[in-house]
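Quick heads-up: structures coming right below.
Look at the two complexes coming up: chain A is in both, with chain B in one and chain C in the other.
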Partner chain A sequence: MSSFLIHLLTLVCLYAMMALGLNLQAGYAGMVNFGFIAFAGLGAYAAGIASQLGWPLPAALLLALAAAAVLAVATARLGRQLSSDYWGIATLAIAEILRTVALNESWLTGGAQGIGGIRPLFADLPSPWRDLAFLALAALCLALVYGGYARIIHSRFGRALKVMREETSLAVCFGYDPVSLKMRASVAAALPAALAGGLLTYYISYVGPDVMVPSETFALWTIVMVGGLGSNLGVLLGGLLVQSVYSFAPFLKDWLGVSSDLAGAVRLGLVGLMLLACLLWRPRGLLPERLEALS
Partner chain B sequence: MTSLLELDGIAIRYGGNTVLSGLTLSIDSGEIVGLLGPNGSGKSTVLNAVTGFTPLASGSIRFDGRRIDPLAPHRIAQRGIRRTFQLPSMPTRMSVLELTMAASSEHHQLCAALLRGRATRRIEHATHARASALLEQLKLTAVAHLPAASISGGQKKLLSIACAMMTEPKLLLLDEPTAGVHPNLRGELIDELRRIHGLGVTLVVIEHDMHFIRELCERCVVLDRGAAIANCKPAELDKNRRVLDAYLGRAHRTARPLEAP
Partner chain C sequence: MLQFLLDVLIRTSDLLLVSVGLSTLYSLIRFPNVAHVQYAMLGAFLSLAGQRAGLPLGLAAALSCVLVGCLAVLLNIFVFMRLLRSGSAVAMIGSLAVSLIAVALVLSTAGSRPLQYTQDISAPLTLDGVAVSSAQAGSIACGALTLLIFSVLLYRTNLGRSMRALASNRALALASGIDANRVTNLITFASGVLAALGGTMLGLTESVHVNLGNNLLIPVFSAAILGGLGNPLGAAAGALLIALAETLVINVDFGSLVGRSMQFFPVAYVSAVSFLILLVTLMVRPYGIFDREVRRV
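Up next is the complex of A and B:
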């Protein structure tokens, strides 16, 4: 049971990092991104490919971050021409294009089989310590991201984002360039997602096109909506809840005696129910965004 | 006096509708100019043109000797032009104080936010102090910690002015500052705008309230159907036949008083 708990907490840390990124982009910058998983997927593939080439971990993760930053700038630039709802659709399309490329360019990505046999981190440590060490690394990364984001949000840059998300023309009157703000916010949002994606590749020693399926973006949105859009503490809580439902759902198979196919569907359905319940009863999330206290 | 803002033959069309037709106007540094005219005469469009929100069909706009009409709106704001809106719309998830602090747009680098060094903290303190002082001056301290969207319409007008003053603009464009403001507060608003003018800010005020214009402005420009029909002292307005025509219609010339013999 304890190894299951370590596994669950590791996944919570990794998915919370991705969801924090989505929260910065959607919750603070007001950019509704329906293809956010592309950043994590790009990070996961970059790490997988780099480790296949025999690159060390820091180099692999740097490649993951660079790839996601380029994608972030490219998608934000696309937003210059599109209004926010059309931009949302475009992001979904971009994520799907990347997944299709990953599925078909076998020479680079291994195609549908993906890239397996990636040497895990801390492979020399004995069994429970190896997982604990990875959990500690993931938790440290999450803490750094959380702290960094807290600084960004409580800064002049964060205030600029908040004016822009609700009153863009007011932000322009104050002298802010929305395109530049969106671009920088996108990069700041993409980096933790790519880092989490890269770490996920090392954690499960595998990367395949399934990391980028649209339902993964849906899961990240559920984490953010359940926790509270624009509330980083809420995102941590949302990550814990959603990932717990995700991870406990397979046990239903044993308890209820249903087939594993059905258990997978139940898992997705449960998360959908959670989102629906939240939208009905707590539309601003379990820990809603609060006004910043400036004393 | 040097010319701060020069509009040279600016024309603006929305679809087939000509809103401004070749308006030429010059505003000197240190003036307070009232912009008047009936509804639909193009007053707000002048503000939108100067701030870059509406592109020109023809003509040019110079500010401080340099052309600004090809610039993006945020660049124009950075040159030192601030404006308020006729119906100010404020964010729901920011407090009045936070929004006022956000109005100062210098030094909003992402890396500075992450590192939060001594210089960044010092700027933060200064911004906080300045915003608090401005809110105090405009009698908004009591609502400083409420959501900016939750305060009254009149208070939003005052908040717009507080935001505009966060960066010491050279030119402040006010779109109907007294609309929705309680009459008791109008006197204070005039005092406040005079004080701002005393700091060296040039003011352009769109207003329907003639008392307000008479008290505050040194000169007024009257627009009608996209063209300037008068450019004079406020006291000379009621003798100007074209202004009377625009406001009252031509009928007033032939209409006889009821008790006329």
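Up next is the complex of A and C:
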């Protein structure tokens, strides 16, 4: 049981990092991104490919970060042309196209089979310590991201993002350029997602096109909406709740003896139901964003 | 050449049924309902269930259309209208959640294997040397007929006039005594019926499977956005354009360009093509090709 708990906590850390990124982009900057998983997926693939080429860990993670940053700038520049509804659809389509590329360009990504046999981190440590060391690394990264975001949000840049979210023309009047704000927010949101994606690749020693399926994006959205859009503490809580439900769903297969199709359906359905119930009855999440009062 | 034209028409009528409903509904509820493509998937499966229960296919399809139409209305009243109060982005996320639940329901009851309708095997019609199966001919006829009925509904009846009034100036339409809820419900019902019909047609010409809705997502939204979301006839033209591009890309031999004898475009990227067309169009015309609304900046 304790090794399952370590596994669960590691996943919570990794997915909470991705969800924090989504929260910065969607919650603070107001950019409704439905293809957010593309950043994590790109990071995961970059790490996988780099480690296949024999690159060391820091270089592989740097490649992951660089790839996601390029994608973030490209999608944010697209936002200059489109209104927000149209942009949401466009990001969904971009993520789907990237997944199609991952599925079909076997020479680069291993196709549907993905890239397996990636050398795990801390391979020299004995069994329980290896997982614990990875958990510590993931938790450290999560803490760094959380702290970094707290600084960003309370800086001038963070306040400018909120002004842009509420009233874009007011931000323009203050002399901010919305395109530049959106671009910087997107890059800041994409980096932790790519880092988490890269770490996930090392954690499960595998990367395949399944990391980029749209339902993963909605799982991230569920984490953010359950916790509270625009509230980083809420996102941590949401990550814990959603990932627990998500990780316990496969046990249904053993307990009830249902087919794997049904177990997959239960996972999807649970995410959908949680998201919908939360939107209908707690639209601001469990820990809503605290709006600063005028002093 | 005739084969090419037929392929375009079949694809157009598949996309058209779903994208016209999506676009019309957008003009009333003002958020892109992502779950709309799943109505097509549900419609295809309900027709299949009806047929398995012993109904003739026509009756099963009609029943499934009515059921999906009612489902669309119920979802609209109890879910989307409530979510819209918190904004269009929230409603859109809600529609994604609804489509996840729809996929999960179908996956758990029907499994992930593709299924087929039982059809009488009849000799295909032959037109000038090109074979057309009766399902394909039916699909084209259905698309054309629906477009005709729908444009009559929109431009010749009171319901259509009320709908267009609501879409162009909601406050004025309400002030002149139009019952907004009734119009919205009727149009939602009609768009659900169209989506179910489109899904059933797609199931007839291809197969019925759980990813039917997800595969429609990019081409249908590309068609609807190309035509300008909220413009039904524009969506039809958008569907034609997307179908034309997809078929062109599949059939053209790029061998002479890359110096090989045969080089076709990889089929897996066909949906990417429709999306690329969409992107390029939106760069030039940010609200679609056929948008005539005047907007103040």
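In this section, the second predicted complex is superposed on the first by the 291 of 295 C-alpha atoms of A that agree within 3 Å, B and C clash if a C-alpha of one lies under 4 Å from a C-alpha of the other, contacts with A are read in each partner's own complex, and residues count from 1 in each chain.
Everything that follows uses one rule, which is that a residue touches a chain if its C-beta (ideal position, glycine included) is under 8 Å from a C-beta of that chain, and two chains touch if they have at least 3 such contacts.
All values derive from a computational prediction rather than experimental measurement.
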Partners on chain A (chain B, chain C) - clash or fit: fit
If touched residues of chain A are counted for chain B and for chain C, the larger one: C
First, second, both or neither for A:100, with chain B first and chain C second: second
First (chain B), second (chain C), both or neither touched by A:155: first
Touching partner for A:214 - first (chain B), second (chain C), both, neither: second
Partner chain in contact with A:143 - chain B first, chain C second, else both or neither: neither
Touched partner set for A:283, first chain B, second chain C, both or neither: second
A:262 touches, of chain B and chain C: first, second, both or neither? second
First, second, both or neither for A:133, with chain B first and chain C second: neither
Chain B versus chain C as contact partner of A:74, first or second or both or neither: neither
Where the C-alpha centre of chain A sits as vertex, the angle toward chain B and chain C in the overlay (nearest 10 degrees): 80
Smallest distance from any CA atom of chain C to any CA atom of chain B, in Å, after fitting: 7
Of chain B, residues touching chain A in the complex: 51, 53, 72-75, 77-78, 82-83, 89-95, 97-99, 101-110, 112-114, 116, 120, 123-124, 127-128, 145, 147, 163, 167
Residues of chain A touching chain B in the complex: 148, 151-152, 155-160, 162-163, 165-167, 169-178, 184, 188, 230, 289, 291-294
Touching residues on chain A, where the partner in the complex is chain C: 32, 34, 78, 81-86, 88-90, 92-94, 96-97, 100, 103-104, 214-215, 218, 221-222, 225, 259, 261-262, 264-269, 271-273, 275-276, 279-280, 283
Footprint of chain A on chain C - complex, ascending: 31-32, 34, 79, 82-83, 86, 88-90, 92-94, 96-101, 103-105, 107-108, 111-112, 214, 217-218, 221-222, 225, 229, 266, 268-269, 271-272, 275, 278-279, 282-283, 286
